[in-house]
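Okay, so chain A shows up in both of these, paired with chain B first and chain C after.
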Partner chain A sequence: MFYRESGDFKTSYSGDQQIFPIAFDRWVVIAFCAFAFVVVPFLINDYWEKSVLVPVLVWSLAALGLNILTGYCGQVSLGTGGFMAVGAYASYKLTTSFPEMNMFIVILLSGGVTALVGIVFGLPSLRIKGFYLAVATLASQFFLVWLFNKVPWFYNYSASGQISAPERFVFGIAISGPNSPPWATYLFCLTFVVVFALIAKNLTRGRLGRSWMAIRDMDIAAEIIGVPPLKTKLSAFAVSSFYIGISGALFFMVYLGAAEPTEAFGIEKSFLVLFMIIIGGLGSIFGSFIGAAFMILMPVLFKNIMVGGLGWPTDLVAHLIFMLIGGLIMFFLIVEPHGLAQLWRVTKEKLRLWPFPH
Partner chain B sequence: MNSQIAPGETLLEVKNISLSFGGVKALQDISFDILKGEVRAIIGPNGAGKSSMLNVINGFYHPQQGEVWFDGKLRTQMKPHEVAKLGIARTFQNIALFKGMSTLDNLMTGRMIKMKTNLFWQALWKGPAEKEEQEHRERVEHIIEFLKIQSIRKTPVGRLPYGMQKRVELGRALAAESKLLLLDEPMAGMNLEEKEDMCRFVLDVNDEFGTTIALIEHDMGVVMDISDRVVVLDYGEKLADGTPDEVRKNQAVIDAYLGVSHES
Partner chain C sequence: MKHTKLAAAAVAMAMTLGANTASADLVFPSLDYRTGPYAPNGIPFADGYSDYFTLLNERDGGIGGVPARVLPCETGYNTEKGVECYESTKGEGALVYQPLSTGITYQLIPKATADGIPVHSMGYGRTSAANGKVFSHIFNYPGTYWDAASIIVKHIADQEGGDLKDKTIALVYHNSAYGKEPIRTLEELAKKHGYNLTLLAVDHPGQEQKSQWLQIRRERPDYVLMWGWGVMNQVAIQEAANIRYPMDHFIGVWWSASENDVLPAGDAANGYKAVAFHGVGSGFGVYDDLKKHVVDTGKAAGDGSNLGTVLYNRGMYAAMLASEAARTAQEIHGTADITPAMMRDGMEALNLTEARMAELGLANFGPEVSVDCANHGGPGLGAIQQWDAAAGTWSLITEFTGADRDVVDALIAEDSAAFAAENNITPRDCGA
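Moving on, here comes the complex of A and B:
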């Protein structure tokens, strides 16, 4: 019996309402976080930062955001790339207009700006549902990218039409610009991810989360119970866009360093994040993380094996990876349509009873 | 629950309600009242307009004519979620549970209107948010015990059998602790044993919590047993209104149920 919940009795409702009601889970997660904060910064190098850790963190935030809207509240969105762009451009405008502003504040405010934009683009959701809403959000994706291309004010009239992240410091250490040490950018992103994952968990297990899920599962019944549909949907758009905005700001400031809207925040980014949450599991915080890790790390893994290990030509491998990832997505969706998080849950349920399945 | 209205006085009154969908006259000039503390049955053949009546009461349909008075106040053109706040809860003819959520979460959602901590505290899950969550959990556990659904507390309701889903839906409506409970065919499709359980619950809710109940039911035995007064609808019109005994003897009702043709 490696994994047990027997002997782990709940004597109070607060005990039962914990994020990880099973002590074993709790300790694994705490140990994992401790490792991520204390040990990894000493081991990290440029490669791990740029190819693995920072992208996984940044995309996890975006996946969390979209999962709140789509997985929890049932509103399909294809505007993720556009909302990330809003976060990125907000952080750029803020930090170039107020160079002294603390970077934590800049990123948070960028999330706030994106939340407001999200509310505006969420308004049609009262009238249109499902597939049609997806198309409406697609329009917002194209509109936002077009806007950031067309209006020079957003890129401070730079000749290239690009935005580039100036060097900024947190506690005297650069977290953006070419001289930022890998451990610093990693820790900066990790802090946001851990704090906001916790907040997402709290929101989704409480009143607000239940009202989102009620709208998702049966909007008429939800309304008759006292859930105001418009307010609830807009709150999901706001919170979701806040997360996606933060992710976009970090993606630009910390990871890319320079960005051009069509390249960095195009429609394929919207699909990427949608794949993440479908693969990981709709309506699951944990699933957002595995989904993001899967979509980011699989290509890295394949590339290492095929180019590094087998010595195949890079362009051939790039195409092969596309096909392999597509195949894997289909495979997982057939094996478990509810995503990797569900696969994990089922495995755990089996482990929990092992070796006595009945 | 703390209404000024004493038991036996009028809790809800509908006056001259007319509702039509295009050419279909679902309700025509319907008036009746529901007294505080009673079990009021609404009966009638299929398509009589019973469910439409409930939809009017909880603000889902807006009648072309007529007034709805609740708790002593005239209620005009309200949205369903506003009606919920006034203290009216309901169940549906076709189960309308939140299928992806557990029994517990369904019932907790039923208490939505009673919860009020702001986003900040909810995000932290501390202080008022945690306290509120626990208080409401206690109330919900009461209902879970009352309905004897402890063993399915954490089960996603989509996986439950039909009879259990009906029971959970009643639980969700009870969780709101409303003044008026509208039940649309709570026993439809149930076997005898399940029906008996459901009758027990309805009567207990009425006795123990003093909740006023309006229910639609096709099973005449059940209706005669548990209701204080019955209103009969047919083709959108009111046929009769009175105690079960009076209604049973009413010639128009007998005709309607025996299927005497309307032209004759």
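Moving on, here comes the complex of A and C:
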């Protein structure tokens, strides 16, 4: 009825090519963003910031990055945790070496450093693919974490090998450190996420994204029609690592505030992000968000219901959560192997035809 | 988006459900872990912590007449879950946090200080937090890792007749902030005593240690020290037994010294040593009360099988120190319903005498503890305990002795000054 294309006439090319061609879609997204930017900062408290919103934003960015590489370009990577560590340590070294540097620049530069590292570790992708590439990227995961543990320069020779985020300000308001107000850290992360989600969406719709998808679908055919595998694969690694680096920097600077490489950036993190994009939907921007939200919020939700609401023992709940999340993952993948984003896509198709389906 | 909103709505619902249970009582959150690779050590500690408060409620009607409420939150020894636990419990009026994880402690030091809630990292966490002038809300009495390292080296020196020149000491450590803590002290002591230090890192969770023990087998260091936790302890002791390393030359920190760590190796673990900051076994008066009021009435936490084990004792000790601090705070401020800020004052004024410990049914359980504004690390005393595999018991084989204060205090001053400079903290004036 109200969710339809008919009656919404596009009279220009830009109108025709916009991200959300359906007016209703467009307004919902704009309203959602407006709500996130304008209303949420007034409602947010420490708990919502630290346990719900900031983690979801940070992990969404990481999922977005991996989705570019795996979902759009078809290169499986298990090095996400290591690349997040690069972002985190880059931001730490930058901000401790140049305390006056603007935080936006620190975070962006951390992404840049990670992109360079990503290109180096992406080189094997030119020769190997599939499972073998996954194993090669696994090496980056272990190497990078080992490196940050081994070389004291990276953690400024601190006694415990921990890195701690110093207090930093944006427009005079703390966005890292213990005194940062929840709304400020939230808005800081949200800005990055919204801007880079928009960039990712446009990248994947443009020439670069199409060449990634060509490589993903059949690399030999793509090469024959003139898509250079070297440039395409390495650009996917660079862009993906850039995103993951930014998310690692935010993860450390804004969310955790202190980190040690083995625990904060271990192999589980690489798997977590991979699961996010598989659950959410490979090759979908929206899927990255919904996958991250699923993997981060479900345990918190179950914990709140079962421990906070029902008063069950914490260890029982911890085990039940494992089972429930596992069960849910299986359920969703059986119902829709292409992820939650596909469910949403199907819903939208149905909505367009409603109430008169064929 | 649909799902996010649904989830958010449900979380909001769950949160309001949780908030309704708050009432006028003293809240002691227990950031424990009963699952994961560290559960064998986390469970007895959590049981002891919880049972002691249950005992106070059942026997004395709480602390100063106000019932204590333990708020368990499962962290799985994971820092992110630890942060979630902290944020979800602090709103309920949490008086003191005991994260039982050095990683989570590091995380909470700035946050809790900003929120004005004290953290008691009893014998773990950041060692230099012993300097109360810099760390106003962080306490790590009755002893620190650096005290432990120094006490162990002292014990080795005693065994070797006072001369450690050209001896080799290896440190097998958990490759995390926790395991790395003693390194600096051991290096300083190596300079002083002239021994060689070999460092062997074991990665989380510590199941895989073959190469480290192969190196020990090849190099045969005179002593092996261990900074391990969870499943790492059991594996290390088993590996040491496999290479027939002399167990009485293998000494752990107080976190590598529970029954769960030595039992899997069986008789081969006989003679394994560790440093301790409190007594062992269940031969204390408080156990009669625990049995009568908690175990027999079916109110024990967990399955009630951990009573008298080392880590149960430690959890109980932590709860006892917390409740005594709360009592001190009630006396200072003249109110039974204390706030976290009052609790902090109570912790800083804590003076636990032997007479008071005897009154609590813990005679000779541990050294007297007194804390003041400048010293948050307490007495820093430790004894060596040894495992008797045939009897299945630990026993203290030395008196409680102090650390090499010259070395440790200088390091604490240096590290806390670095922290103060990094975070723009002006050290408090403690009037001394």
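The rule we apply is simple: the second predicted complex is superposed on the first by the 352 of 358 C-alpha atoms of A that agree within 3 Å, B and C clash if a C-alpha of one lies under 4 Å from a C-alpha of the other, contacts with A are read in each partner's own complex, and residues count from 1 in each chain.
As a working rule, contacts are C-beta pairs under 8 Å (C-beta built on N, C-alpha and C of every residue); 3 or more make two chains touch, one makes a residue touch a chain.
On a predicted model such as this, the values are computed, not experimentally measured, just so you know.
Peer 1: For A:Pro166, using the defined touch cut-off, is the partner it touches chain B, chain C, both, or neither? Pick first, second, both or neither.
Peer 2: In the superposition, A:Pro166 touches chain C alone.
Peer 1: Applying the touch criterion given at the start, work out whether A:Pro55 contacts chain B, chain C, both or neither, answering first, second, both or neither.
Peer 2: A:Pro55: touches chain C, not chain B.
Peer 1: Looking at the overlay, what does A:Ile199 touch: chain B (first), chain C (second), both, or neither?
Peer 2: The first partner, chain B, only.
Peer 1: Please indicate which partner A:Ile225 is in contact with in the superposed arrangement: first for chain B, second for chain C, both, or neither.
Peer 2: first
Peer 1: Looking only at contacts as defined up top, I'd like to know whether chain B or chain C touches more of chain A.
Peer 2: Partner with more touched residues of chain A: C.
Peer 1: Based on the superposed arrangement, let me know which partner A:Met213 touches: chain B (first), chain C (second), both, or neither?
Peer 2: The first partner, chain B, only.
Peer 1: If we overlay the two complexes on their shared chain A, which of chain B and chain C does A:Thr262 touch? Say first, second, both or neither.
Peer 2: Touch partner of A:Thr262: chain C, not chain B.
Peer 1: Within the complex, which stretch of chain A touches chain C?
Peer 2: So the residues of chain A touching chain C come out as 28, 32, 46-47, 50-52, 55-56, 149, 159-162, 164, 166-167, 177-179, 256-260, 262-264, 266, 289-290, 293-294, 297-298, 300-301, 303-305, 307-309, 313-315, 317-319, 340, 344.
Peer 1: Okay, in this complex, where on chain B does chain A touch?
Peer 2: Chain B residues touching chain A: 58, 60, 79-81, 83-85, 89-90, 92, 96-101, 105, 108-110, 112-113, 115, 117, 119, 122-125, 129-130, 132-134, 137-138, 141, 172, 176.
Peer 1: Taking the complex as given, what residues does chain A use to touch chain B?
Peer 2: The contact residues of chain A facing chain B are 13-14, 17, 199, 202-203, 205-208, 210-211, 213-214, 216-218, 220-229, 235, 283.
Peer 1: List the residues on chain C that touch chain A in their complex, please.
Peer 2: 1-4, 7-8, 10-11, 13-15, 17-18, 32, 34-35, 39, 43, 72-74, 76, 78-80, 83-84, 87-88, 90-91, 102-103, 106-107, 110-111, 113-115, 126, 175-178, 180-181, 183-184, 201, 203-204, 415, 422-424
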